[in-house]
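First chain written, first letter: the chains are A, B, C and D, and each begins at residue 1.
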Amino acid sequence: MKKYILKIDCNDEKGLIYRISDVIFKFGFNIAKNHEFVDHEINRFFYRAEIITENEIDKTAICGTLNAMLGGKANIRLKTSKKKDIVIFATKETHCLGDLLIKNYSNELNANILAVIANHEDLKNLVEKFDIPFFAIKSDGKERDEHEAEVLKVLEKFEFDYIILAKYMRILSPDFVGRFERKIINIHHSFLPAFIGANPYKQAHQRGVKIIGATAHFVNNDLDEGPIITQDVISINHEMSWQDMRKSGRNVERNVLAAALDLVFDDRVFMYNNKTVIF
Amino acid sequence: MKKYILKIDCNDEKGLIYRISDVIFKFGFNIAKNHEFVDHEINRFFYRAEIITENEIDKTAICGTLNAMLGGKANIRLKTSKKKDIVIFATKETHCLGDLLIKNYSNELNANILAVIANHEDLKNLVEKFDIPFFAIKSDGKERDEHEAEVLKVLEKFEFDYIILAKYMRILSPDFVGRFERKIINIHHSFLPAFIGANPYKQAHQRGVKIIGATAHFVNNDLDEGPIITQDVISINHEMSWQDMRKSGRNVERNVLAAALDLVFDDRVFMYNNKTVIF
Amino acid sequence: MKKYILKIDCNDEKGLIYRISDVIFKFGFNIAKNHEFVDHEINRFFYRAEIITENEIDKTAICGTLNAMLGGKANIRLKTSKKKDIVIFATKETHCLGDLLIKNYSNELNANILAVIANHEDLKNLVEKFDIPFFAIKSDGKERDEHEAEVLKVLEKFEFDYIILAKYMRILSPDFVGRFERKIINIHHSFLPAFIGANPYKQAHQRGVKIIGATAHFVNNDLDEGPIITQDVISINHEMSWQDMRKSGRNVERNVLAAALDLVFDDRVFMYNNKTVIF
Amino acid sequence: MKKYILKIDCNDEKGLIYRISDVIFKFGFNIAKNHEFVDHEINRFFYRAEIITENEIDKTAICGTLNAMLGGKANIRLKTSKKKDIVIFATKETHCLGDLLIKNYSNELNANILAVIANHEDLKNLVEKFDIPFFAIKSDGKERDEHEAEVLKVLEKFEFDYIILAKYMRILSPDFVGRFERKIINIHHSFLPAFIGANPYKQAHQRGVKIIGATAHFVNNDLDEGPIITQDVISINHEMSWQDMRKSGRNVERNVLAAALDLVFDDRVFMYNNKTVIF
């Protein structure tokens, strides 16, 4: 049995669920699971279906029919459900990276880690334990453009679906982000939109909040402002220094990134404007 | 604009979503929102749709067509989305009852409270502040049958959709429960299935747990064992006596009951075997 | 048995716990419970003890001795643990106010509600059900100073410990806040410091966050910026409009305010700079 | 600067905090932090203090003085705060073990992993990546006593403070548990006391609960019944099979075990009867 995922988003009209089901049905396939949502503010329809079948699906034929039926204006994606290919960017911290390495090793990650790129040497030893290519591309003393050019050169070697910023402590240039639109996922160590920017734990400590959190989001060209995928929080108290918060926060960061990746790698996430729809 | 809710559950077959959509579409209505779920273990299909329309729906015609299409074996309910009518049972505590009274007063409860029945006098004053009929039917010194017969007599005066046990500290007889199958909702002051029965806070204190909770569930004839609708928890610590837990737990009980009622009154809950499906 | 609460904060020095215990012990009293915390960043010591005794405590003598021992520079408060007296400010919403009225009625609030002051008439009927004085002081068409002068006139009639802003949708002037320093507690309908200001639910919806929250804080003259007492959050999803968020958020607001008041009324909260220490 | 931890528990009497502080103070040391708790039900006093000092502490002298002062009946432990030595038992799963390996590698675990003992070969490769001794002691086809005798033989090689059962899917014999009283910590994959025993996720699925959890506890000779250290939960819904629950549950198990170990390794946990006091 093969699993296919069909994702459609388009302007809302009457009867869309019926008309889409009609196409699938007439091609002889059964919808095992479907979700839909209409954002009435912007009149946008979002749809995801799982099709489980023994027979191969003729993707071109179905997508063509759907496209014609929807007037040529819909985003239609129909693909086999399969492991994604990813490249991880990191700096020095091991908690997010380590979790992904362990899950990848144990076949619990719906992705293959093709490579890890870091702007320091520190993680080399850890990554290579797992026989994954590690590239230290140092950023010290380099212009951002220069550094990113080196990173891009390494990236060229790989065909990947997503870049995962697993606590990569560098800001990417608009040009870099523009090349990989909708493909870069970051974990930010605060409950966005609170504490954007540098050292959010220090900011949180100074403000005296009683809860801290982490946010996984797609990266666009507004710092820490891309579409949010998942967030989570933990309670803190006055006894905790910002270093204590950072330590406790690491577990939240790791959990939030893992949860976001599960959703993205399972093709459950739609992005539009600055938001996500998640089925 | 009127909102109708269509709920169907039946054995699973291929093409059900399509075929149901087909019927709705051909009657000229648009599905504003739909959810479905198949429990593959028992091969059961669950479906809920919201139909928003200016025109009256001919319920008999649609249900007849659906029923014929589904081979006469499905549970099909199609009704206008409207406030439910409820009777509340209580004993002495005010936290759940008070919350429902305030929400009812502020038009924030998707239900009308027709009456409150209690086995003590204590709540009379509070309930009557809100001009809601209060019936104290004392249980002391009475056989269970005798007491329930009196309760039933009062209930006869009202046409209600649900009985809400808002910390009603009496066990209902199988006969009583049997009369109101799928219509009685209870809030139990523990995270079921832990701490079934009397004084769960004392049990939790004795066991030294670090989290306590509450559970809203439909009542059937196994004590604290009906289908669970919602649950929630709070952290506790060694400093808390069982009385402290009870005090903190009251907020959880109130929140959990309110959340469950929102779901039930909005026709989002299916029950089957000892479980719920909630859309 | 009487319970006294001793609260001290002062610059940190060696041996403070011992020296304070020494004083209490030599006066013949036993410390039933004590908590302390040193903020090393600002070298500040915070201490709270519960003294349970059959005999009356000579507060002047003990505080005098402690004060002399601490070099005259500490904040020392020693008082009987008793119900606080409060005045509630509200506007139109019932969820926070109603919860306080029910808890007050059931003797579950560690405070007496002396009066409710609102800038609309809407809540009159509800408040008067509970035989609590209600003052509608309309703000429409009045200058802020003018309106506050009327409010102050009503406040003069009452001797209160705290003013509780139970969703009071007006900004208080610096002058007003200055008069009641450390005595005004507000519930803000966001997870501060995210979404300061008007309609945080709309802001949250627009930003596409996956969690929303509420914050109870002391009021100072920076809008939504006073020392935070408690915060809590709930998960939301893309299906929720900002009105849905507001509805769900109400339960969080109510819970967070109630939790904060429990702590404050039990003399567990210290304020310093823009933070709180909570034992 | 060195950090010492003083832990005392004894029957409660008047003035204990004062008298203990007095001893510490007279030996010339300053208490940086202290917590105490009295369980009035059993009249037991629990006390933990952190002493930060440049000078070596004469532990024998202080403990002797404290012991004499407390009438020879108290449990008194005074030790340098240092990394604990641990042996991990596992079976096949990597999520808890992997987390500990990564944290140990990154110096984020307040312990040294001396060895991993497993009843299968599967984890060998993972553990040896981190240069930690791995012992596969197969249990298949062996009597429990026989298997445990082999395990004990390996254990003899190590001087350890705690045995961590990181998803060790075997029940230890009373004899084995008795040898390492208060030294064995287990992670159980349910929110105890719900779903004791085998396959709690299957039990939870069958019961239709809406929240699942995990529990870290000391092991005694009642199955899954030792003193609880930490618990946490996550929400689930009807769409999840028990395998989905197990997958989501793994993150909770890992987090709960890590949180419990942080507390235990930092000497914050007291055990008595079947409970814990945690400062």
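Keep in mind that, in the parts below, a contact is a pair of C-beta atoms (placed from the backbone, for glycine too) under 8 Å apart; a residue touches a chain by one contact, two chains touch by 3 or more.
The UniProt protein names, listed by chain, are A, B, C, D = Formyltetrahydrofolate deformylase.
All of these numbers come straight from a predicted model, not from anything done at the bench.
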| item | value |
| --- | --- |
| Reference interface A-D: repeating pair among B-C, B-D or A-B with over half of contacts shared | B-C |
| Between C-D and A-C, the pair joined by more C-beta contacts | A-C |
| Inter-chain centre distance, chain C versus chain D - centres from mean C-alpha coordinates, in Å | 38 |
| Separation of chain A from chain C, taking each centre as the mean of its C-alpha atoms, in whole Å | 41 |
| Contacts with two or more other chains, residues of chain D listed in rising order | 37 |
| Partner chain C, residues of chain B touching it in the complex | 93-95, 98-99, 101-103, 105-106, 108, 126, 129-130, 247, 250-251, 255, 258-259 |
| Contact set on chain C toward chain D in their complex | 14-15, 17-18, 21-22, 24-25, 30-38 |
| Parts of chain B lying in touch with chain D, wherever the complex brings them together | 37, 39, 191-195, 207-211, 213, 227-233, 237-239, 273-278 |
